[in-house]
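One chain, chain A, links the two complexes that follow: it is found with chain B in the first and with chain C in the second.
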Partner chain A sequence: MARKLLLEKAHVEGIRHYDVYRREGGYRSVEKALKMQPADIVEEVKKSGLRGRGGAGFPTGMKWSFLAKPDGIPRYLVCNADESEPGTFKDRYLMEFIPHILIEGMIVSSYALGSNSSYIYIRGEYDWITDILEAAITEAKQNGWLGKNIQGSGFDMELYVQRGAGAYICGEETALLESLEGKRGNPRIKPPFPAIKGLWGCPTVVNNVETLAAVVPIINEGGDEYAKIGVGRSTGTKLISACGNINKPGIYEIDMTISVEEFIYSDEYCGGIPNGKKIKACIPGGSSVPILPANLLLTTAKGEKRLMNYESLSDGGFATGSMMGSGGFIVLDEDQCVVRHTYSLARFYRHESCGQCSPCREGTGWMEKILLNIEKGKGKMSDIDLLWDIQSKIEGNTICPLGDAAAWPVAAAIRHFRDEFEWHVNNPEKCLTENFGLRHYADPIHVPTN
Partner chain B sequence: MIQFKETSLKKVAEIIARYPEGKQKSALLPVLHLAQVEFGGWLDVPVMDYVATLLKIEPIEVYEVASFYSMYNLKPVGKFLFEVCQTGPCMLNGSDNIIDYIKQKLNIGVGETTTDGMFTLKTVECLGACGYAPMMQFGKTYREHLTKEKVDAIIEECRAKAN
Partner chain C sequence: MSDEIKNIKVTIDNITIDVAPGTTILNAARQIGGDVTPPAMCYYSKLEGSGGKCRTCLVEVAAGSAADPRPMPKLVASCRTTVMDGMVVKNMTSEKVPDARAGVVEFLLLNHPLDCPICDQAGECHLQDLGYDHGKEGTRYQFARRTFKKEDIGPYIQLHMTRCILCYRCTYVADQLTNKRVHGIVDRGDHAAISTYISKAIENDFSGNMIDVCPVGALTDKTFRFKNRVWFTKPVDAHRNCTTPGCCGKATLWLRGDEVFRVTARKDEWGEVQSYDGKPGWICNTCRFETKKTESWKIEGVTTISRHSVIGANKYKTLEMPNETVKRVMKGVEPKLLMDIHSISNVNNPDIHLSDIKGPAHSGDFKK
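Entry: the complex of A and B
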């Protein structure tokens, strides 16, 4: 049984409320942190090896140390709760059921960074969770954990929740800041990075919900202790939201030493595939990361067991690997159509492109239309190469990573399932009624050369 | 004349106070949410102009934001709004069938409202409930693990509420 740090108390009745949360040891990290120097807290986070849990996996302590500290200019901490990567629903669970762990993590982090006004930017659809967070903030304030002179330390801090209004792009940190300033969610050109010029032009750190919650156990137990959990540069625990064709969809906290096979088939986690079906493919880290066929999912190209951590999931690069991403784990069983699924994702990215950069604005629409044509049996063989061409011209040619995020799923689907696309072109009358199905299990890999 | 209720005006002032002096434009998204709830479920141009006046910004600054975010309705919607997710993970769990069923049952297409003004059907992209698919947003909360029977029950629930 893996050790739990974030969800350890998730099943304690009433943990959503302050009294229970405090009784179970909540807010200890704030008591400890307020007696430390802010720089020492940053040091602990560095030692912990914590990497951003939103998807990019950038070391959190390093991100914090980039924060500019010019005299007389406020600094801000903003929590990215705009969880909208398809397959990802872990932050929602934390905020809905254990809201105080996020608030606790934000107080410690705000103290470490010198932010006196911090914001939680939550996706607009999580309307009821906004109420839960605001109620928890009121409780924290009534008990002296927020407001003026917190616990007699001289540190003042206010925490606010701001709802977005339905835009995937606002999960990108500079788009999020634009949105928080009351504008369209158009990502900014970097540099300057938010650490230098962020919210209202002031130095700002933007961190994911799970990242900020992880600061609590790091301060309670020390960065070195936290770093002992996991393996290599994948330290601590990670929340995985598992969905798709599995017996037990839900949120699992794992230490990053377990294998992908164990995660899918063990009753402690996903519990296998429903109706005794076989697994065809999996997107292990949210819809943007490359899809992997079953054979490459369970073992790397070198034949080693693939593990649920940053290094192992990306082993082999994009040719034969994928990414940890946000931990949105999507499983496709043998009866699912990869073309149809890829079309659905392409439609998502077309809908969510902010329209600022032409490769993404135009390219996502083209990819959606071509994929729909192929899915409907109206595709040509040359369309597959055209898709490959379009995705390759989006990747790396946009201001923000949404372009890459839109290109990668299409590229990986063609790379690993090209014969499924070809089958659609060759069997137009069967496309909508039959599935390509099992034939793909353990097929050889096709890597287009152009 | 368009005017927020007293309680909403107080709420607007509270929201503006969250930001530094002169940064009241940051209140735009939350105030548009308030306006949409208070003024009939959608944002008509005079409503957006009113919000602009409240926040001391130009009307165009409101229009460009209202048209960017998918949660703001720029045309009237029914009394009850079904926003069904159709992205990958929901699709794997049969969201297409749920959407078809609602279309049939209410005799409307996606983006349309029933003639009695009761129901509007919208499809939306990933709402972060992938493990509980298929699902839809219904008012402030989600309805998850949808089946045809559950859809029937939700429609009945709405009809009962309207009476």
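Entry: the complex of A and C
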């Protein structure tokens, strides 16, 4: 049984409320942190090796140390709770059931960064969670954890919740800041980075919900202790939101030493594939990371066991690997059609493209139309190469990573499942009624029977 | 501007130039000029914050700076990337750039209606130029092009949303030239559109400049609409004493005979409004739309169009005079004629009556 740091108390009755949360040891990290120097907290986070849990996996401590600290200008901490990636729902769980852990993490982080007003930018569709968070903030304020002179330390801090209006693009940090300022959610052109010029032109740190929550155990136990959990540069625990064709979809907190195979098949986690089906493919880190066929999912191209951590999942680059991403673990069994699945993702990215830069604005729609044609059996063989060419023209040429996120799933689907695309082109009648199935990239391992 | 410190060395396509700190790669390339300059569809040097959106100006940075000579991993938008000392940039010499740029051109033209034969912008359209210079022939797009509902945005400006490439320049004009912006981008993605908030008319003294900054035919002059093709009209520089505050009163009149078909601001070789004393020469709507009589203007002379485009082709270039040697070899004396041709040429033989020659004349006819 893996150690749980974030979800340890998730099932305690009434943990959503301050009294229970405090009784279970909540807000200890704030008490400890307020006695420390802000720079020491940053140092502690650096030591912990915590990496951003939003998707990119950038070391949090390093991000914090980049924050410019000019005199006379306020600094801001913004929590990115605009969790909208298909397959990712870990922050929702955290905020819905243990809202105080996020508030606690934000108080510590704000103190470390010197932010006197911090913001939680929450996805617009999470309206009921907004109420939960606001209720929790009120409780925290009543008990002296927010507001003026927190716990007699002289540190003032206000925490605000701002709802988005339903745009995936506002999860991109600079688009989020634009939206928070009340403008159209278009990503800004970088540089300058938010650490220099962010919210209202002031230095800003934008962190994911899970990242900020992870600051709590880091301060409680110390950065060195936290770094002992996990393996290599993947330290600590990670929330994985597992969904798709698995027996037990849900949120799992893992330490990053377990293998993908164990994660999918053990009863502690996903509990295997329903109805005795075989696994066909998996997206290990949210919809924008490359899809992996079963044979590359459980073992790397080198033949090693693939583990659930940043390094192992990206082993082999995009040719034979994928990414940890945000931890949205989507499993596809043998009955799923990769073309249909890719079309569905392309449709999502076309719909969510902000329309600011041309490759993403025009390219995402074009890919969607071609994929729909192939899916409907109206595709041509040349369309597959065309798709490949379009994604290569989008990737890396856009303002923000949404272009890459739209290109990667298409690229990976063609890279690993080209025969399925060709089968759709060659069998226009069949592809509407039948499924390509597994064929040669079939599940190479046994299905546990017990 | 001349006493600016130029201490940053940047090499673009193997040409090294010293520029001032804070200069963008694009502006450094413009100082070199010619093919070294990346095209720009959304960047407009006179509009703060513009650029970075169209991605046509992508260049490869082969070395970030002298201090950190690592190449940048991705192509960068040259209009928004400032140069560093010792930076090495590849534009036309890059292997990746032409391909990426052709891709961007294809994306920009994907949903463009290509109705150039009926578009007022044809001949001075930046997208046409871009397509010819950097695009590939033909498109691989086989789907219906996106269309929009027509919208009336006032008496002076015609909006053709289908032609728009969403460069955002007109929104910057409205933000920076006028005190109230009533139009902007609505919706997102490939259905994003320029629109006024619930069909309002755009009415302010400087709204006409949106037409000048529009790189395509999305915003055109209603008073010039379908009146003429730009290459048939003759551009002349003219000025008048305009009383509107902020209007420079210096314009280009586009004439056909004596008739003024259109008035625009004067533009430089990058298709941008010219600057006077460091200030962009925007003109007001009175000058642009209401002052269409030659009497109202003081004409300065023929406009030299230095921009490389259809309107600049084959006309109004300064005549290149042959190197005059006579004056030099004659030590300053410059006779009109070097010899008395009347005594030498047979053509001038008064004994021959031209009417006597039948058919085309030959030299032999004069040797009688």
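One rule holds for everything that comes next: the second predicted complex is superposed on the first by the 439 of 450 C-alpha atoms of A that agree within 3 Å, B and C clash if a C-alpha of one lies under 4 Å from a C-alpha of the other, contacts with A are read in each partner's own complex, and residues count from 1 in each chain.
By definition in this document, a contact is a pair of C-beta atoms (placed from the backbone, for glycine too) under 8 Å apart; a residue touches a chain by one contact, two chains touch by 3 or more.
Predicted model, so just to flag it, every value in this text is computed and none were measured.
Undergrad: Which partner, chain B or chain C, is in contact with more residues of chain A?
TA: It is B that touches the greater number of chain A residues.
Undergrad: Mind working out whether A:Ile279 is in touch with chain B, chain C, both or neither, as first, second, both or neither?
TA: After superposition on chain A, A:Ile279 lies in contact with neither partner.
Undergrad: Just to be sure I read the superposition right, which of the two partners does A:Met308 touch: chain B = first, chain C = second, or both, or neither?
TA: neither
Undergrad: Touching A:Leu386, do we find chain B (first), chain C (second), both, or neither?
TA: Second partner only, chain C.
Undergrad: Does chain B (first) or chain C (second) touch A:Thr398, or do both, or does neither?
TA: second
Undergrad: Quick check for you: in the superposed arrangement, does A:His351 touch first (chain B), second (chain C), both or neither?
TA: both
Undergrad: Once the shared chain is lined up, is A:Lys369 touching chain B (first), chain C (second), both, or neither of them?
TA: A:Lys369 contacts chain C only, not chain B.
Undergrad: Is A:Ser84 in contact with chain B, with chain C, with both, or with neither (first, second, both, neither)?
TA: The answer is first: A:Ser84 touches chain B but not chain C.
Undergrad: Just to be sure I read the superposition right, which of the two partners does A:Val215 touch: chain B = first, chain C = second, or both, or neither?
TA: A:Val215 contacts neither chain B nor chain C.
Undergrad: Which holds for A:Arg361: it touches chain B only (first), chain C only (second), both, or neither?
TA: second
Undergrad: Would you please give the residues of chain A that touch chain B in one complex and also touch chain C in the other complex?
TA: Correct list for chain A: 167, 184, 351-352, 354.
Undergrad: Which residues of chain A touch chain B once you look at their complex with the stated criterion?
TA: Residues of chain A touching chain B: 74, 83-89, 91-92, 117, 119, 123-128, 158, 160, 162-168, 179-185, 200, 241-245, 249-251, 283, 287, 328, 330, 332, 336, 340-341, 344-345, 347-348, 351-352, 354.
Undergrad: In their shared complex, at which residues does chain C touch chain A?
TA: It comes out as residues 51-55, 58, 73-75, 77, 80, 100, 103-104, 106-108, 110-111, 140-141, 143, 146, 165-166, 168, 184-185, 187-192.
Undergrad: With touch defined as at the start, can you tell me which chain B residues reach chain A in the complex?
TA: Those in contact with chain A are residues 18-20, 23, 25-30, 32-33, 55, 57, 61, 64-65, 68-72, 86-89, 91-93, 124-133, 137, 140-142.
Undergrad: Can you list the residues on chain A that touch chain C in the complex?
TA: Residue positions touching the partner: 167, 169, 184, 189, 350-359, 361-366, 369, 386, 389, 393, 396-399.
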